[in-house]
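Structure provided below as structure tokens; questions to follow.
The chains carry the letters A, B, C, D, E and F, assigned in the order they are written, with residues numbered from 1 in each.
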Amino acid sequence: MTADPRRLTHVDEEGGARMVDVGQKPATARIAVAEGAIRMAHVTLEAIESGRTTKGEVLAVARVAGIMAGKRTGELIPLCHLMPLATINLQLTPDRELPGIRARATASVVASTGVEMEALTAVTVALLTVYDMVKATDRSMVLEAIRLLRKEGGRSGVWVADALGEEEPLPPHQV
Amino acid sequence: MTADPRRLTHVDEEGGARMVDVGQKPATARIAVAEGAIRMAHVTLEAIESGRTTKGEVLAVARVAGIMAGKRTGELIPLCHLMPLATINLQLTPDRELPGIRARATASVVASTGVEMEALTAVTVALLTVYDMVKATDRSMVLEAIRLLRKEGGRSGVWVADALGEEEPLPPHQV
Amino acid sequence: MTADPRRLTHVDEEGGARMVDVGQKPATARIAVAEGAIRMAHVTLEAIESGRTTKGEVLAVARVAGIMAGKRTGELIPLCHLMPLATINLQLTPDRELPGIRARATASVVASTGVEMEALTAVTVALLTVYDMVKATDRSMVLEAIRLLRKEGGRSGVWVADALGEEEPLPPHQV
Amino acid sequence: MTADPRRLTHVDEEGGARMVDVGQKPATARIAVAEGAIRMAHVTLEAIESGRTTKGEVLAVARVAGIMAGKRTGELIPLCHLMPLATINLQLTPDRELPGIRARATASVVASTGVEMEALTAVTVALLTVYDMVKATDRSMVLEAIRLLRKEGGRSGVWVADALGEEEPLPPHQV
Amino acid sequence: MTADPRRLTHVDEEGGARMVDVGQKPATARIAVAEGAIRMAHVTLEAIESGRTTKGEVLAVARVAGIMAGKRTGELIPLCHLMPLATINLQLTPDRELPGIRARATASVVASTGVEMEALTAVTVALLTVYDMVKATDRSMVLEAIRLLRKEGGRSGVWVADALGEEEPLPPHQV
Amino acid sequence: MTADPRRLTHVDEEGGARMVDVGQKPATARIAVAEGAIRMAHVTLEAIESGRTTKGEVLAVARVAGIMAGKRTGELIPLCHLMPLATINLQLTPDRELPGIRARATASVVASTGVEMEALTAVTVALLTVYDMVKATDRSMVLEAIRLLRKEGGRSGVWVADALGEEEPLPPHQV
């Protein structure tokens, strides 16, 4: 949005916080994909996976929490616009290599501003919810590698995270 | 809370999500400290730091966002209790080694359940707010190392994160 | 929306919850009408009706509560879209035959998805508010017959509840 | 709370709405149990039950929605007190006789006022969420028989709904 | 709270915003009373007063809005504590001398911090709601004289606004 | 909106509250500017201004609070529409003549209804936040002169507050 990398869009000339004015920008289709993970002990991941129903329930609750938080991003992030999202979806995948749970959120909207923050917020709150549900078992879990993977639409067009080229496919959705 | 590391407190016998019942637990003083970081390009950190006022504003907005989100944790995390926090404070410190911003939150309450989620939520939303305010400059920023550092009060007493012993002192609060 | 009545739109191929993507659907005028009732003892209805002002106040508070909840439906119902409603209105009518209060809500929007949930949520929260305001007098009140009456707009066109044909006119608004 | 069944506690002498002042009342353990149901076509219930995972997901989402709404009752119902609930739990049980889904919520708190509205709100929002998730299949579903079953604690002691004596046991939780 | 009138309680030593820690302070009964007014054209006040029901409705809606906002003060004011209020009540009185509407709110709580902000927020949102409901008639209305009248409880004891001594009685509640 | 100044748009024929239906109105660019002030003792203003960082922090927190509240106006004001604002900005300026802080908010949207309430709500909550942050120093502060300055867009075109003609320029933004 700016040629000078040291000019922040959310700070005005005198240093005051401001929302970016999107009133002149056309409403276009926009998509953002974000990801992140929560790393935990093997035994904790096993607790989540032990029994179909239980695993489903922990991940189902986390998915609902992430979707609901993604819809309310504009209430949480002070200079974000409130937006009527077209959709936000969230995949939560156990990864025994990590070990832990990986989250990937896709948000879309037809609007005059992007939905990166919605995707990132959905990922983050889903991972915090996993933490909450299993914290009595393991308080040492760490949230990590939370970042934007891809962004489409708007003046800046398609943006893909470095060293990804195309984001790698996640293993199929297993919940 | 449970001797069997595979028994989750937030899932009932049939696998359904549930809140932990804290009605029988006495209200005692509880503290939780959490931390995390957002890693970014050097030039982005410089944009945040360029000029006292501007830096103050980005970090001031992020701090307010984190405190406000910490107070509303029980709305975001489905099985968390809504709690009247005694206080929640948040330090945001630029770290040129990272390079990026480190966040540390301390939440306290006199209640029958802990405030880990409040401290973690405050850290996370503060870091997401930093992302939002500088994202036009740098979309590759990564949130990382978000974890609980310390927890005091309640039946489980003091818990300190592994390999920390005592959490290392942060450099003095610089905003 | 689907030919197979056993395929749920809000559950994906692997059984995970999802929001329906409305990004490709055109924004059109949509209306939904819902109704419901709260049944109570005669003496309770008399308490609500005793004196113009008092009756007005109980029903006025319930109407405001229903309208405000209808606007926030997307926060309450996990997979609902947040929507900028064009309007939501609510009639609350004492019915001595029941005996109790009948509620009817009409929500409208120009959007790419319908407003059934907004109308149903407004009805429900208005009835719960009536319960709250008179519960010290009568705890046996029952909410019942909460349903969609009519829906217009969108691909599925006009839908009218069975056995109604056209919804019967309510007695005139009496608050 | 009042000997005269026509005096409403939430309306003052001149007919204005008011909150009941609970400042002088001691904090004691209080419990409320509420129930309700959503009636639907057989084929709709089959869609919810077809396949373990899918059923779990619809009911898991509805349960989370009900719990989250129960915690925020004081925001929805104008004259309700905001309260730090000890717990709120929610059972959702398919009933082929109905046919439909039955919901039962139990809320508890140590406070100076009761939690009837929290239990009723949790039941209602869970049932509305079921409606939302399957409405593309069946728009004729009806919410019904939403009522308080039982209330314990506070000056008025134990209250049990008429014609129940003791509430009948629900079939075991099947999600 | 501080002997040095230039030391702000909500700003730490380095100038960062902070919540005051109330964890060590005992929970005691606290009350705060605030007032304010909206001044308008005579014809606008007549529109509000024309007909009992209509007047009741505008003021009833404003009163509900003020009470609901007072309960959520801790969400709106960044460094305010979320508190389970014992009660908050609100009087709205037409004043033909002004001409306009006067609002007076009384909030009470048993807690370790005061409720001034709750009373002020209730007054302010009630007056904004009056503005909203009649603004198509009169856009020149002005909110004024919004201030704390009285505060009781806590270490600082009773505080009464200057030049009031005891707050003057409002004319009887007329809605 | 109405030729008869005694007909209120937010009250229906029988006196019941209603939202104005904006479904038939075209979406156009709309702007609203509102202002207000908080008057305080000289020593209190000095506490806010003593030291760059501290002043910045009090006003930065108030500005964030005002922006966030402005975005949520539709939740606070019962008959207001929830709206996806294009932007809302807020200037807070110390005024030693008053003495106190002056606030001016500008809200804009492309929508079928105006944003006066958003601008007024942002001003008001920012001023309440200033009150909260310095109230331990000075409880006698008064909020005053909160009003709409200017409104553009929609059927009623440009409206400017009486006796202003053009609103006077504020001194440059000094935070």
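Operating definition for what follows: contacts are C-beta pairs under 8 Å (C-beta built on N, C-alpha and C of every residue); 3 or more make two chains touch, one makes a residue touch a chain.
The structure presented is a predicted model; accordingly, all values stated were derived computationally and were not measured.
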Query raised in the report: So which has more C-beta pairs touching, E-F or B-D?
Result: E-F
Query raised in the report: From the C-alpha centre of chain A to that of chain C, how far is it in Å?
Result: 32
Requested in this report: For chain F, jot down the residues that touch at least 2 other chains.
Outcome: 14-17, 53, 56-57, 60-61, 64-65, 68, 78-79, 82-84, 175
Query raised in the report: Pairs of chains that touch, anyone?
Result: A-B, A-C, A-D, A-F, B-D, B-E, B-F, C-D, C-E, C-F, D-E, E-F
Report task. Note which residues of chain C are touching chain D in the complex, please. Result -> 1-2, 5-11, 14-17, 36, 43-44, 46-48, 50-51, 53-54, 56-58, 60-61, 64-65, 68-69, 76-80, 116-117, 120-121, 124-125, 128-129, 131-148, 151, 159, 161-162
Query raised in the report: For chain F, which residues count as touching chain A in their complex?
Result: 29, 56, 60, 63-64, 67-68, 71-72, 82-89, 91, 108-110, 172-175
Query raised in the report: Where on chain F does chain B make contact in their complex?
Result: 52-53, 56-57, 60-61, 64-65, 68, 175
**Report entry** In the complex, chain E residues that touch chain B
**Finding:** 12-23, 74-75, 78-79, 81-84, 111-112
